[in-house]
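Written below as structure tokens is the structure these notes are about.
Note that the chains are named A, B, C and D in the order they appear, and that numbering of residues resets to 1 at the start of each chain.
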Amino acid sequence: MEVLYFAWVRERIGIPKETVVSDAVTVADLVEELKSREERYAAAFEDVSALRVALDQELSDFSAPLAGVREVAFFPPMTGG
Amino acid sequence: MEVLYFAWVRERIGIPKETVVSDAVTVADLVEELKSREERYAAAFEDVSALRVALDQELSDFSAPLAGVREVAFFPPMTGG
Amino acid sequence: MRILVQEEPFDPGAETSAFAQGRGDMGAVVTFTGLVRGDGGLSAMEIEHYPGMTERAITAIAEEARDRWSLGDVLVIHRHGRLVPGEAIMMVATAAPHRKDAFEAAEFLMDYLKSRAPFWKKELGPDGAAWVAAKDDDEAALRRW
Amino acid sequence: MRILVQEEPFDPGAETSAFAQGRGDMGAVVTFTGLVRGDGGLSAMEIEHYPGMTERAITAIAEEARDRWSLGDVLVIHRHGRLVPGEAIMMVATAAPHRKDAFEAAEFLMDYLKSRAPFWKKELGPDGAAWVAAKDDDEAALRRW
């Protein structure tokens, strides 16, 4: 699946997008898997309460299942308008 | 003092403005005096609860005193905006 | 603060541009434009006003808005005379550092202009001319402020 | 309904004119324009967004507004990329038969765009660049709808 990062999440991880092959069942599982990879992921996902997640471009939450999802995006709370 | 009429009050009385010499103490007294003059005034002032009054261009009420007032205006509720 | 009571048409877009121009310290601009509706076969609207009192009443309303909210600027334009469907009757614009102030002040101004500024609308339609009656709703809207 | 997500500047006045044009059945047009504020020595703002999701999220917000209020039309324009103080970041316009619907829908759209459309603002000032933090107030504003 494609994993996208925006704003300071993107800056901390250092890339806007990557393809991840994972057996993670939920978003939270995926986050744990990414955190265990490298320090920059651990830094980006340090406090998930400060983050939002979208699954296939719809806002979702960290307990949501990933089955069938093609695009996961992590970002800070939005500041539009 | 100058007495002004607007909207359907003006149409019923037939003039936009007139000079009235009166000893009326309050607006209500002036209205009674005008009503006793002619039928068109009686028709315009038939239901004062449907009317508004301004004294020297400030919204006021029918119990207000007329001492020192130079301009009295009678009109229906406003419909601006 | 700019208050215009005029018979001439105005361009709400051009007024919005001019009003929003170069406001380095204001983050929010809200505008309201009232248009003549053509439903019910209305062919024209005639707006009567009370010269002198109109300007005073609008100035007082605008000053009260500036006292109540943190505003950078206020604009009120209101026409009188004859208007046809689609034409702009009036507009209000507010500029504020934050959107809440700009929105609330614009709504406040509109609620007061509806019932406290000396304008009277007459509608000309297929059945002749009729004065627009004040709505209980408009009087009720004032109570929230 | 018209939704534009673009890097190019836009003219809020021209958009207001076009939006208000020929609305024989709509009495009320409300616009909100958000401008880049130059206070605190801000020299520029960079807005990042999530292409694809942005348009979907705004369309969903606008459709919800049309379900909740009696609206004739809705316009949303939101820029991304680099902006300087005084420039328009975004605008919302609503047209309705009555002013209450036009105002409420515009405020609803703004509250949702602030916290639910995928945009992120970065401010460039004398002390470097900093991401704008989401405000508790903005999250709280959603609860009234």
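The rule is simple: contacts are C-beta pairs under 8 Å (C-beta built on N, C-alpha and C of every residue); 3 or more make two chains touch, one makes a residue touch a chain.
Keep in mind the model is a prediction, meaning the values are calculated, not measured.
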Tell me which chains count as touching both chain B and chain D.
-> C
Please identify which chain has its centre, taken as the mean of its CA atoms, farthest from the centre of chain D.
-> B
Can you check how far apart chain A and chain B are, centre to centre, with Cα atoms defining each centre and the answer in Å?
-> 72
Cα centroid separation, chain C vs chain D, in Å, comes to 23
For chain A and chain C, what's the span in angstrom between their mean Cα positions?
-> 48
Distance between the centres, which are taken as Cα means, of chain C and chain B, whole angstrom = 26
Residue ranges of chain A touching at least 2 other chains are 81
Junction residues of chain C, two or more chains touched = 34, 99, 110
Which word fits how the chains touch one another: line, ring, star, complete or other?
-> line
What pairs of chains are touching here?
-> A-D, B-C, C-D
What residues on chain D touch chain A, complex-wise?
-> 34, 47-50, 52-53, 56-57, 78, 89-90, 110, 113-122, 131-134, 139
Taking the complex as given, what residues does chain C use to touch chain D?
-> 11-18, 20-39, 85-86, 88, 97, 99-100, 102-103, 106-107, 110, 141
Per the touch rule above, chain A residues touching chain D in the complex are 4, 6-8, 10, 54, 57-59, 73, 75-81
